[in-house]
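The structures considered in this document are given below.
Paired with chain B in one complex and with chain C in the other, chain A is shared by the two complexes that follow.
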Partner chain A sequence: MALPKGRIDVRMKTSLLALFLVAATHSVCWSAVGCDLNDPDRDVVRLFPASTGYKTSYVSIAKKGGEGLLLKVEKRLGDKFRGIYETIDVPYTIYEIYTGNKKIGYIHGVNQKGQFGGIQVFLALDLHGRIQSFYIQKMTSRHAGKLRDAKFGNQFAGLTLKDFDLYDVVTGNATGKVAAIRNPVPEADIDFRAALRATKKNLVLMDEFVFSENQPVSKEGEMLK
Partner chain B sequence: MISRVQVAYKNLLRKRTRSFLTLIGIALSAWVLVSLLGFNKGYESALNRDIDNMGFQMMIMAKGCPYEAATLMLKGGTGLRYMDESIIDRIINEPEVDRITPMLMQAVFDPNKGESGGLSAYLGIEPRSFSGMKPFLTFMQGGWFDREDSYEAVMGYEAAELEQREIGDKILIPDKNVELTVVGILRRTGTQDDGTIFVPLRTLQKIFDRSGELTTIGIKVKRDANSTILEEKLYQLPDVQIVSLAEVKHTIMKLVSTAKVMVLSIATIAIMIAMVGVINTVLMSVLERLKEFGIIKTIGAMPWDIFTLVWIETLILCSAGGVFGIILALLLSKVADIVIRAILPFAPSGSLIVIDLRLALVTLSIIMSVGLLSGIYPAWRAGRVRPLDAIRSDS
Partner chain C sequence: MRSMSKILLSPLFLLLLSDAGIASDYLFYFEGQGIVGYSSAQKKPIYYSMDPHAEMQKPSIGFDYIGRFSGETGDVASLAVQGRFALTVDDDNYKFEPQLYNAYLKVKAGWPYVWIGHNRPAFGLSAYLDSHGLLLRTLAMQGFGYDRDWGAGITRDFSWGDFAASFTTASGMPIYFKGNYMAASRVAYGVLNRDNMNLGFSLAYGRNLETMGYELIDDDPREMMLAGTDLTLLRDNFEHRIDLLAGEWLGEETYAFFYRFGIDLLQEGRLKAEAQPVYWKFGGTENYQISLCFSSQVSLSLTVRLSYTYDHAPDDSRVLLQLYYYRPI
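This part shows the complex of A and B:
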């Protein structure tokens, strides 16, 4: 059936649009979702102003140490990995930060379940695992603005995994420097505690993946030394 | 007593290198041919599967309206246009229409998604009609909404994973300050549904103050109906655009047909080269053995016996080369799949090259037929050798 020229143009356009539609449906990526910086070129410089470049590597608990490492991470975190998304095969992205050829630190993010959605907590760490910057990339909350504010994030600067060792992620009981971190929105206590759990998880994972990389792990998750 | 097949096989082994190279040539031809036929079959079925997974063959939306989340995001969440729900009555009565499902897409800007904020998109649906069109959607947790006006949500797997949601959890529609309870998490489908947050249509209309308005209507056409006729009728409706997935398929197949013609040409050339190779190999073998054929004839062999002997050699070469080529195609189909995906402008999900037993047998038959045709001349030359001339000759 012959169609008028205008109709053919409309058909062609709709066909091409629909072609895009079909093409857009095929992001065949079946692994668990990781936590990447949305715009690494911009975000790395913002979190590490002295940086001139970065390298990206991917690691998961499954590949790094399997069940033994998972048990160890859970033990150090003080909580089980929960739900259907906090799993052994989650890929973690580690950004190694450089000034020229010299490595100056790392950026690493984790996903955390919040009250109304996923929270993505990134830490910029120096070579000794000390927090340089704290950044919540994504959070769904009525009070997200205050928890994502630099004033809240600045309270984490200078803290290490050692400071979080006694922080109980289940009860929220804290001592020392972690206890000094103030929740700017008491109504958003669930998200505040989720941010602290994410920070501790982030530090534990970085310690396992990077800072104590060469220490062997037993099946039960204990260090073999 | 030694059989003709054994004699032919031993003859081929006399010039191992030449026979092997000929066999490789035939194998390569078979490889190209079976891969091409497998691609013909695989691409179309993969495309059909993808289009079936869309659930409907046609979509209607207000003119200029982005019709799915990816386009909406590209446009920064702007440009949504709406149709009145009453249009449904005009569509549903068309005899070609099997079922329809109305949809409303909405997006809100969330300033706390990334450094510069981002969009959250929601799709309002009627669960009964929507799930009826997409029976492949299954739940990892929970199920569809209880009521058409409930404040509930069903999340595609990737959306739920990103938001770390499970059933019973709440999601918040930023800007609107509305909470929804997650009642279902879908299993992965590999389609755009994985990243979608589904909300009851009435609820979404209420939240966004769009009562009686829709952005899209999905249409499933009756199996034997002519979708072109329906399309013509729908174009008569004012201010709507129609996306026909049959047309999409046609457009894609047209794009791919160019590539197919090229590969078919290569396959034809490869088969011709292999054919010349077979003629060359067998003919050289015949010319080298003229004296031998003469002696065989003097002890009673008939021209047909010599003809079949030479022809069996061709048959062995072609069948072995064909089988080898098919095995090669099966082993390297994944590699070929990757290469084709890199070349083609669009490739559907799933395997693009499907080689089954029937296809393998068809390829083998083609290769053997072509090979036997190539063997006729050398075999005829061998059969008509005159014994005395052959014995007297120096060859």
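This part shows the complex of A and C:
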């Protein structure tokens, strides 16, 4: 596939320049950082001991609803999406958990800006969106051990999006059950608040991606209660 | 070349055949990069990161595809295909070259996962560190091993770490059958994302072919018997990666040492500085390289990397600028 010399010099140099320009002119486009379980086989069984299998699927705000959905998610979160981990085309990995061929729950993780790089917060949810388990996968902070400890994670068990609706991700103010969640490492307050924001974001996204979709809908298009 | 092009195009057909629903069972990324640099030894601009014949960075466009296959009760397999059309500029010659990195099917087979195709051999840091878009070279990229190789392997994660073994053709990017083979295994303590550390021990044995990119340097397979250890350590915004190997490589007594220190200077990894000394002794020759690299994620699809490498043996100082673009489709 070698090309003849000489004649193509200008064309080739133009091509090289074009590759630079293509990249440079796309600099305003936003890209994607997904969030997968390290070892789904191990993690799924740990989070859902009764499970026998799981299915992996990918969904993004861009494909699911575009700008309109992004605005809706931001409104429900109470904060703007910003940074590498919160772009419209981030592919979210959703694990549907099965016992035999019966679905028993979901696992979903999100990336969140922490004090040192990104942290990854996974939630194991039942079919109604209630938190079964809270799990910080990636966190490079020296205090990661305490925030990964089961004692900290257990404080999230049983909570739902309704509980997190009472948490302000911008100010950190909370009422209700979320206010009762204690930070085990005061020095890691940035990561603690990042974990709470990630949890609310995770719940809002799962509600939009999965639970709202699964709601029975009346003929008039309104959700049935 | 024609068959390679067909392989590279196959994911596009898979994409067209896939369900275009809202939730999908695949990820598909576009990748593009431009690279330009200057070599003091050559006294001229260069358009590649390592060598015109090596598979490392060149101006290219490509893709990254991963698809999942599920039954009624869960996932059963995944397919990964990652390829590029690269432009090789060597003096006044220009050549378009299809390159295939990942091209493997990974199947759940009870106790382990089993993969078959073109994937990472189970040896050293390159068994899990993806360098296919980076400027800094690992030992495998430097030529002590293969970043990808054709064959089959098994992987298994445990609560305490992981184990991998592979049996490959020992030819790297191309496939040759000239009595060449490589058996490798690696056992590691620590789950990197969970424990912020991973300590691996590797062994490999075989008869290897010397290749560079798709070029066969020597068609006579040589003895290979290596032991290695590698370590990745993450703490706060610091990263340490160490890779050591010793034994016989391509029939020559070989020792190699690699260390990469990285520091995230901005949140979300927006700006990273890395320093990397590498030393090796291969037969009667010794060499060392010292590299520095700054990576800036100027937008969320675009990373700009600027690197400097001093290569002692050729007395070459090399400066490289890379624009690397990667986004989902």
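The rule is short, and it goes like this: the second predicted complex is superposed on the first by the 180 of 225 C-alpha atoms of A that agree within 3 Å, B and C clash if a C-alpha of one lies under 4 Å from a C-alpha of the other, contacts with A are read in each partner's own complex, and residues count from 1 in each chain.
Heads up, the rule we're going with is that contacts are C-beta pairs under 8 Å (C-beta built on N, C-alpha and C of every residue); 3 or more make two chains touch, one makes a residue touch a chain.
Here the structure is a predicted model, which is why all the values come from computation and not from measurement.
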Chain B versus chain C as contact partner of A:85, first or second or both or neither: both
Touching partner for A:113 - first (chain B), second (chain C), both, neither: both
Contacts of A:41 with chain B and chain C, given as first, second, both or neither: second
Contacts of A:138 with chain B and chain C, given as first, second, both or neither: both
Chain B versus chain C as contact partner of A:67, first or second or both or neither: neither
Chain B or chain C, by number of chain A residues touched: C
Which of chain B and chain C A:209 touches, first, second, both or neither: second
First (chain B), second (chain C), both or neither touched by A:94: second
Chain B versus chain C as contact partner of A:55, first or second or both or neither: second
Chain B and chain C footprints on chain A, overlapping residues: 1, 12, 15-16, 19-20, 22-24, 26-28, 30, 32, 38-39, 42, 83-85, 113, 115-118, 137-142, 144, 148
Chain A-facing residues of chain B, complex: 50-51, 53-54, 59, 67-68, 70-71, 110-115, 118, 140-141, 158, 160-166, 169-172, 174, 177, 179, 185, 188, 190-192, 194, 228, 232, 235, 241-245, 247-248, 250-252, 346, 348-349
Touching residues on chain A, where the partner in the complex is chain B: 1, 7, 10-12, 14-28, 30, 32-33, 38-39, 42-43, 46, 83-86, 111-119, 137-142, 144-145, 148
Contact footprint of chain C on chain A as seen in their complex: 1-3, 5-6, 8-9, 12, 15-16, 19-20, 22-24, 26-32, 34, 38-42, 52-60, 63-64, 83-85, 87, 89, 91, 94, 98, 100-101, 113, 115-118, 120, 137-142, 144, 148, 209
Touching residues (chain side chain C, partner chain A) in the complex: 1, 22-27, 29, 32-34, 36, 47, 59-61, 68, 70, 72-75, 87, 89, 92-97, 108, 157-159, 162, 191-194, 196, 234-237, 264, 267-270, 297-302, 323-328
